[in-house]
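Both of the next two complexes hold chain A, though its partner changes from chain B to chain C.
So, the complex of A and B:
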């Protein structure tokens, strides 16, 4: 085990020793970094929540105690304080929101919310025939659990928004009263609108992206988390049959092991998680390192036809990736062009181990040009005088690479490396188009998962072919946690974030 | 003033025409029908014939493309907006039922079918105690195609004969034996059985999976699974055997390096075109186990395709009428003429022109050596593929094989619905 060595000892180490030392130090720090989630982040977060809750009630209490009758009326009729003090537009906005909310709840929301606990009870009754007359009976469509869940969550979000608006209304009501009491100027509607284009311009600009983010990212994630606690699967397909809350059952079948519905989810998940991580590491770093080597080779002084080499490599980008991948999958098939050409029968895509290697190698072929392009740009930007002074000091090419080129390139590309890594964890296209996840796992109870399936392609199979929405949601939550933790830790520790000013 | 008057008149006219439009829709029956891509032309003509036969209904029928094997994945997106009438392969009955996409037949409909086809054919559409489709084709199974200058009719009777013949001419024998559709065909031949006990009222509930692959065959020291799977492994280790799907068959046909193929009727035309007058089709050959030396038959699956009615259809009665029409004898004959689709009706199958079709008559022969392909749960297919992968590299002893078979059977039995 490496101990913390003194600065002098460290400087005395050879390059390899330094690397090993740093690596071990990194490994040693890893548990601490994980623990810091519990020792630092969570208490911090809890304190924050406690403070905001305290502030919430304090504001209400102050408004109720020190407010005049107009402010107190605002507890019931939103915007009353503003209204009665001639801040018509603000008051009207609050009032309209309150009325809309009440109408929504009475006409629709309350009913949806009341069914949220059961997610609907009536199954669809299939038509069949009248036993006496033999006539066909119409189908009676039952409750659609999916829609109940969807509208239930929407209603809850709406309620939270309402509570927040109500709170903001009271806070503003009291503030307006204080303004009037202090004889200060109240903003008019026109001034408010003008402010949105001036002092409050950030709100105007961010409103669009924020709404988009909530609708297209946050809402689906919330929905998915809820689905993870239901038995939404082939046996419970709404509107034909309602699905129900099942608590932690899906998590149990994923982590407790053993067969559930014919599939050993725990074993398959473990196996695919391992392969997903291996794949992500190889796919990211092989592309990165080889791409950099190619870029450096092309960029080197004295290489002829630089433009030609670059163009040749970029040709692979010009062809749409899915076309190249589909062609590759045809060529590498057991009876594909390559085997036919050489009269061999190498199972490129059907042998469990070889298929994994093939997938990584083909990905290198597809991915190198991108890294090459990126690194070429950076290499051209490294000040030549750095190399010159290094050469005068007697540094060789290897030393110059590790001391100048690599730190420079790493510094700039770490964020893109992280996004590549996370992107590769979820690299659906390459796997799906090349092997379709195959070959099937040889062990029983694999539930259709293949040897080269990533978690994401397995997820696709679970949803598309098997309609196992419940357990698929659990898996996607796990993937979300995995990618989020990796991104956060590595990103926060990367030099690009820590020493933003360097190299600038 | 004048302008406003004109605007008023324009609005009025617009309102009147739109109202008239609504009124026109009132008596119309809108139906959509989905059929496989290869039969689109033929299907459009059938729809036209149906309209001619029913002049009393104001029909408007749209025709869409959806392969029989794709019915579930298409319908499951949103059954309430799916086609009113659609073609589906019988192995999807349980899945389609689970999403509520199938309207059951009345007993009168079933009685009408019973006069035209075998009960086993009508059962393609059965789940629980009800029937959900009108069978129009009974062509889902596999049998042997062989080239008469490579394999003689006598050699085509045994697997060894076929292999020897192909070896002698240095050509291949193509069978996709690792695929879950084929992988148990020897096990079934040896006497293995697989059956499901479904709930009578709710067809999605599987009460029990009855499978005997791990049990000893009578008068043999080996289990059905050992006998069948060992044969699969033996074939996989034979250099004459090529495992491949349609694209592989195509490439071998074009390079003329194949002497025998195990495949279904859908490949008949391609093989016939490649082999010309050397084209022959017959029942699957018998095989001799390398374990106990006994000879067993090689079994196929038997399945079919049906037209069904979406239970969410707004015009269920008319839709059933159309579905029944599309599966009628006349239309089955038309389908045979247009696309060489093997009929389900006994009367159509007995026609001379149908009998003259080698592939279809081989398929008919194969019926005696077939297992009806019931609505298998999804894991039958995924487990079968896993077994296929396992057998590809398997070189162990019969005991080791039995361990894997037992694992396989446990996984299959686990498809039974949990009752809490």
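So, the complex of A and C:
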């Protein structure tokens, strides 16, 4: 199987063979695909950035050289070119934006940005009575590193937005000049507005969602990356104490090993990473395979009460998941319902090994219905004439399953398999609500991590209980790298597969 | 002679078929028991009259609605070991908050998802592909870390304590455009020729969206509404973060988890029964809603997975 087979041989394979073959090919190409991040993706990205920087300066240069005085004036007063050529609306928008930006920077932004380098130096000095003189001392409020960092990043985002607007303003100013010179029609404000409901409708639609995306997804990620380079933790809690830039120290304490602040981050991270990957593989594939089997059983010809079986299974989707999981955590506890009812004392959630098995089994209980629904829909979509012609050719049910059903389902569900895998790496709910990460690890220096903790639940504990923001940021960056690499590789690979052989 | 052999073969084939079906029925019944057992148990326990955390028998000996009544009257329950004014540890309050948040989030999120999906499915513009790729990559960040940053941001603009409902809504809604995938997949299946015909008749993009695409998208709209509602209804991570330990600002998920902490259970001898009652009350509306709209949910799940 290791060598590449010809198209003809490939078509002759059974479903499982095809799957195994693709899987092996995938594994074989994994190192190459991983390297391709450095050999293909990063250079491609760099070239794109280089091109846009070049375009940026070229546009400015052209506008400055060939533009008339009105266009050149736009370098200073945004919107001037449009304004003076009777595109009042557009000119006004640019101008207002510029004025707002200047006010913000003068009144606020510049000061915040100037403190960004040090993140503040003055700690808060608590007031109270002086022990010697008995004099009342006022509390002196120090610098709040957290606010400085937040405002600094916001200001930077604002500056980038301004530079972009300024660039767009000059580009448009020059374009307007050319339009006038060529005696072409300039769009009026009314036409602009109409375009926003038609040709430019996507701008109207996406403006709101994208602003939300910037504020609630992109900004927090940037913030997180910055925090990874600070010593923001329990000992450095604003507003009482400032925190500082510490360079790569957090990364070092994660990778160099050894104890830092009573926790061996490197060892715990390695251990949890391994368990996270094992968990994600098991959680994804057990659900997938078992769910498919259940779906096929329910949809088998001659099985009655199809709707009833389906409805029963859907219970775990219909009841809010946290209720199901909390309930399970109670039923499987040491003195929980199961042990009580059957008079046993099985440590479902307190034995390190058994707890891991239990969370996977409970995850199956929660997850099978999703796969079942998905596969049911696909099974109904398989053209009936495929089975008809197979039957005429004398194929039995087993043969039909391996030759038609399985390849079809596998082919169609690859994308959802990928997203399930990534989702399971970040599956907070199942672990946290079921075991809370427990049982706790035997060895010291575990940083509060338990045996069933995934990286994500450990992160939660580091933040919520230990306030170790710096190192938690480093860990989440590492998690991002992990999931991004896996999904990019699989994504590209599966796209390639799809182009090679579209089913039917 | 040949005929009877054929008949025998047919008969044995039928016998095999029948025994496979029998095995499948046995498995299906077993599965049903496993799937339903916890929920039946939950319902029975919520009606149990005897005290104690767990019992050694399945059916309660004394039936009562007392657990529900005490739950709503907020009697004798407070955060374990910490004296907190009784008004804070209030199930009805959590329930109302969660419901309000879920409803508002549902409305806004549904609009955002529909709008984003339409733009990405029907419009062609320069940033379309980069945007979709960017959202794919952004989706891979562990959501939790961005939550802490968001928490600080919300604290800054004063949306954490008494305003935490607004804060939570903003957070849940904030990045909802990233969930465009399934809805866009549905829009892609609506023939483009409909758009073109309308354009020839002079309709602009906006008119097409409202008059043609939306009326054809009932299943996916209901699917989006259903999933948008279920999300905040059971969200734990951010709700617990933003409440910062004070029960006043919890939602049902955080409240219910606290109710079954060991120390809470040990302190009140009807703690578990009351948790069960609360769980039933929390689940009931959404479960009923789900079963009514089941068809649309199934369509969404299957449709979304089929698109590659």
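Everything that follows uses one rule, which is that the second predicted complex is superposed on the first by the 460 of 504 C-alpha atoms of A that agree within 3 Å, B and C clash if a C-alpha of one lies under 4 Å from a C-alpha of the other, contacts with A are read in each partner's own complex, and residues count from 1 in each chain.
One rule holds for everything that comes next: a residue touches a chain if its C-beta (ideal position, glycine included) is under 8 Å from a C-beta of that chain, and two chains touch if they have at least 3 such contacts.
This structure is a prediction, so every number in the text was calculated from the model and none was measured.
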**Request:** Mind working out whether A:141 is in touch with chain B, chain C, both or neither, as first, second, both or neither?
**Result:** first
**Message:** Let me test your reading of the model: by the given contact rule, A:427 touches which partner, first (chain B), second (chain C), both or neither?
**Reply:** neither
**Prompt:** Which partner does A:198 reach: the first (chain B), the second (chain C), both, or neither?
**Reply:** second
**Asked** Should A:340 be classified as contacting the first partner (chain B), the second (chain C), both, or neither?
**Response** both
**Request:** Please work out whether A:446 is in contact with chain B alone, chain C alone, both, or neither, and reply first, second, both or neither.
**Result:** first
**Asked** Among the partners chain B and chain C, which is in contact with a greater number of residues of chain A?
**Response** C
**Message:** By the touch definition at the top of the document, which applies to A:331: first (chain B), second (chain C), both, or neither?
**Reply:** second
**Message:** Touch test for A:314: chain B only (first), chain C only (second), both, or neither?
**Reply:** second
**Asked** Thinking of the overlay built on chain A, is A:239 touched by chain B (first), by chain C (second), by both, or by neither?
**Response** first
**Partner chain(s) touched by A:464 [first = chain B, second = chain C, both, neither]** = both
**Prompt:** Which chain A residues lie in the overlap of the chain B contact set and the chain C contact set?
**Reply:** 335, 340, 464
**Prompt:** Once bound in the complex, which stretches of chain B touch chain A?
**Reply:** 73, 76, 79-80, 95, 98-100, 103-104, 106-108, 130, 204-205, 242-244, 247-248, 251-252, 311-312, 316-317, 320, 377-379, 381-383, 385-390, 392-393, 404, 407-408, 410-412, 414-415, 417-418
**Prompt:** Residues of chain A touching chain C in their complex?
**Reply:** 146-147, 150, 194, 197-199, 201-202, 204-206, 208-210, 212-213, 215-221, 223-224, 227, 294, 297-298, 300, 302-303, 309, 311-324, 326-331, 335-337, 340-341, 343, 365, 370, 373-374, 376-378, 381, 412-416, 422, 426, 428-429, 432-433, 455-456, 459-460, 463-464, 469, 472-473, 476, 479-480, 483-484, 487, 491, 494, 498
**Asked** In their shared complex, at which residues does chain C touch chain A?
**Response** 17, 21, 24-25, 27-28, 31-32, 34-36, 38-39, 41-42, 53-58, 112, 115-116, 118-119, 123, 125, 128, 131, 135-138, 140-150, 152-153, 156, 170-171, 173-178, 204-206, 209, 230, 233-234, 236-237, 240-241, 253, 256-257, 260, 272, 275-276, 279, 282-283, 286-287, 290-291, 294, 297-299, 301-308
**Request:** Spell out the part of chain A that touches chain B in their complex, as residue ranges.
**Result:** 124, 126-129, 134-136, 138-139, 141, 234-235, 237, 239-241, 259-263, 333-335, 340, 350-352, 439-449, 464-467
